[in-house]
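Each chain carries a letter (A, B, C and D) given by its place in the written order, and its residues are counted from 1.
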Amino acid sequence: MSISDTLNQEQIAWRAAQDIADGAYVNLGIGFPEKVAQYTVEGREPIFHTENGVLGFGRAPARGEEDWDLINAGKKAITLKPGAAFFDHATSFAMIRGGHLDVAILGALQVAANGDLANWRVGDKGVPAVGGAMDLVNGAKRVAVLTDHVTRDGQPKLVSKCSFPLTGVACVTRIYTSLAVIDVDRDQGRFVLREKLPTLSMEALQAVTGAPLFTEGDVADLIVPELS
Amino acid sequence: MSISDTLNQEQIAWRAAQDIADGAYVNLGIGFPEKVAQYTVEGREPIFHTENGVLGFGRAPARGEEDWDLINAGKKAITLKPGAAFFDHATSFAMIRGGHLDVAILGALQVAANGDLANWRVGDKGVPAVGGAMDLVNGAKRVAVLTDHVTRDGQPKLVSKCSFPLTGVACVTRIYTSLAVIDVDRDQGRFVLREKLPTLSMEALQAVTGAPLFTEGDVADLIVPELS
Amino acid sequence: MNKQCASVAKAVADIPSGATVMIGGFGGSGAPIELIHALIDAGPTNLTVINNNAGNGHVGLAAMIEAKMVAKLICSFPKSKDPRAFTERYLDGRIALELVPQGTLAERIRAGGAGIPAFYTPTAYGTELAEGKAVAEFDGKPYVQERWLKADYALVKAERGDPYGNLTFRLAARNFNPLMCMAARTTIVQVSQLVPAGDIDPEIVVTPGIFVDRLVEVTDPAQEELLNEAEARYP
Amino acid sequence: MNKQCASVAKAVADIPSGATVMIGGFGGSGAPIELIHALIDAGPTNLTVINNNAGNGHVGLAAMIEAKMVAKLICSFPKSKDPRAFTERYLDGRIALELVPQGTLAERIRAGGAGIPAFYTPTAYGTELAEGKAVAEFDGKPYVQERWLKADYALVKAERGDPYGNLTFRLAARNFNPLMCMAARTTIVQVSQLVPAGDIDPEIVVTPGIFVDRLVEVTDPAQEELLNEAEARYP
């Protein structure tokens, strides 16, 4: 089946940004998750952390004004906000592993109902590269995933068991997809649906989800602005 | 038996100072070992480390000019030399445990022929206090001991096996006593005599030593200046 | 965001009886005297305190002990010029002591802050301070397994701080303070100077603000050494 | 004492074939390009290199790989804009790879410098990167045992250095550099500015000189990113 009315990446990022509290310490994965920073809620000031030793960075500099000693984990040039700090890699990952980050937001290949995450490797071909993903998923207080609800060819990315190599075991706490917001109940190893697109039936959502969706009380409408 | 011609603490400290190379990183224990700094050999510049996070400190300040944020491990006020650095306690003991210190010089209650050291506690009475001694003896490249050769009541402090609680196992590399300079051959678990007071016979020295003294080649005369 | 508290009293007001509290400093250097005295005023009891020492004289940690607030002390060197507050209570069994080699104490606190539940160290191998601890061999050498140390609260003294909690420390008053900032659920810092965000060069920040929860400015803070010279007593 | 070397060539001249060499930097930020190029000129082979990445383009670490000097790479992220130097050799089996999660890599290097032979981390538990490693439970949670990493040499880039080897770093070019200073038997540092002893405030020293063996001044050092924009190639 296909679902025509889905959120785009901007809208998924916007929805994730709504859950970031003022003053939260946040690490955004390379690529899609970086978009979350653009949708910071008015009046809130999250503090962004990057693995290579910067806390409190801001937007990218203007083209031609890059300083290549001032980059983020994606090796893109950044700028600093007042109150920023530099530190070495051991301290940077002490922040991650030690539970000091409030939320890490990552992309996913697959998320299982118990919170297992696969997002670093498709198979055993090519050059493997892991970066800081395995540290982030085992360290941050909340581990949120941004993802299309299904793969390009329509297969579920929310599954009962990951078939790709794992990044972490029972680590994901919330999933923001193109169709829904789903919590992981790690105690019981199950997905709990919190919000879904109002035009989408429960049955249609379940049909594109690879593990049962449970509910606890009401399921709210997932409503986001037009963004592109 | 009693031996009348012995080195005083100043002279023992002087002798230990002769073995400190230019540029060596050195930690001196509280009390007696601190005297070694006074006898630094002309033209050499050892760099002194203290557990509480200072490298490159110098003499005590004049009375009344103390800054009580600038102290050594003995909680005495110190001054800085050019090229000094401050760091936290974890980094300070990374220097120690990680093998970056060239020599630690400590006092001793007893040293055994295999290099076991007892210097932190006499028995199980009173308040125990260990400080950084157990880290130093397991970390520095050389662990030297300064000590009278015998206790106040004439008992050997160099023994075949320590009777006091250990500070470290097979850790001491050289002992500077009031009568001799003795290396610890940790591979074979034996004392090797390097220098002795010229007026002292081998037999007399052995008689006040609690384990056999071996020799390898010549035993040099232990000659030190008059100091008090 | 602003982590500033209006007073030392407010900064420590919620520390409950039974809490584990790390207190920075090495002897008097870096000891957060004003925060400690505020905690004495607040009066929680049955505390486990982690500090390198056990107090000196009748101020700071020694005064806390005299106020019967401390059930257990974890430290490396419970001796000082005037250690009577601790010594008397320890010898008659009113206060428990966990003695830890100084480098192991520092590393255990860092491990608590860094999410490392256990590590191996050569320190204390073969001594009574390793009794009951797991031992393992690596590359033919024996090492002792040590566990992380964490706390409910840390009381810390720093020199400059900004509203984000970024800190610098003065001279050797740094010592255990940056480590304890990392290892407590709630880190409370007295700074001698609170400065606007951006005033501390990001390259010279010693403790990044993520490790700090509350800041209170205490200008011209007391030095334990000088209080003791003056034979001060708290309260 | 003066740890200064006259040239980058002299600073790296004794690094032999078969050595393990840590190289600082995260991508191009903090990469000691001039020291790496001097090492390419010296030409030792069969090296094990520890770096976060695996080179980019045809300069720095990528050029070392192209010069057939690297037998094994220990890194967390062997990808970049232009990773061909590594990728081609890895895929046809001419270079070995030990892939390590980034935080575990940093902590293993720190452990090597701090005399901690092994530690436990939650990172990689239950994944293929923990296969064959000891697992232990602490407080009911499983952790993976990881070993220290040490090296024969470290090549490091710093901003300011004094004759004692005290260092500061520029912006985010700090990254792995201070850790690698601690973990190598011989640490070789290129500094953009060599200053007299006393010029670096002891409170802002990032790497104390005890961790540094050799210093060489390289004013106006190259940036890998800009070399690659210019399609540079070494030699």
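Please note the rule applied: a contact is a pair of C-beta atoms (placed from the backbone, for glycine too) under 8 Å apart; a residue touches a chain by one contact, two chains touch by 3 or more.
Computed from a prediction, not measured in an experiment: that's the story for all the values here.
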Chains in simultaneous contact with subunit B and subunit C: D
A-C or A-D - the one linked by more C-beta pairs in contact: A-D
Euclidean distance of C-alpha centroids - subunit A vs subunit D, Å: 30
Chain centre separation in whole Å, for subunit C relative to subunit A (CA means): 36
Subunit A and subunit B, separation of their C-alpha mean positions in angstrom: 56
Inter-centroid spacing, subunit D versus subunit C (mean Cα positions, whole Å): 34
Per-residue multi-chain contacts in subunit D, two or more chains: 107, 110, 114-116, 121-122, 169-171, 202-203
In subunit A, residues with contacts to at least two other chains: 54, 86-87, 90, 93, 96-97, 139
Chains grouped in pairs wherever the two touch, ordered by label: A-C, A-D, B-C, B-D, C-D
Residue ranges of subunit B in contact with subunit D within the complex: 22-23, 25, 45, 47, 49, 54-56, 80, 82-87, 90-91, 93-101, 139
In the complex with subunit B, residue positions of subunit C that touch it: 26-30, 52, 76-81, 83, 86-87, 90-91, 97, 99-107, 109-110, 121-129, 169-179, 206, 223-226
Subunit A to subunit D touching residues, read off their complex: 50-54, 66-71, 75, 86-90, 92-93, 96-97, 116, 126-135, 138-139, 165-169
Subunit D to subunit C touching residues, read off their complex: 107, 111, 114-122, 136, 138-139, 141, 143, 147, 168-171, 202-204
Subunit A-facing residues of subunit C, complex: 1, 110, 112-116, 162-164, 166, 182, 196-198, 202-203, 205, 208-211
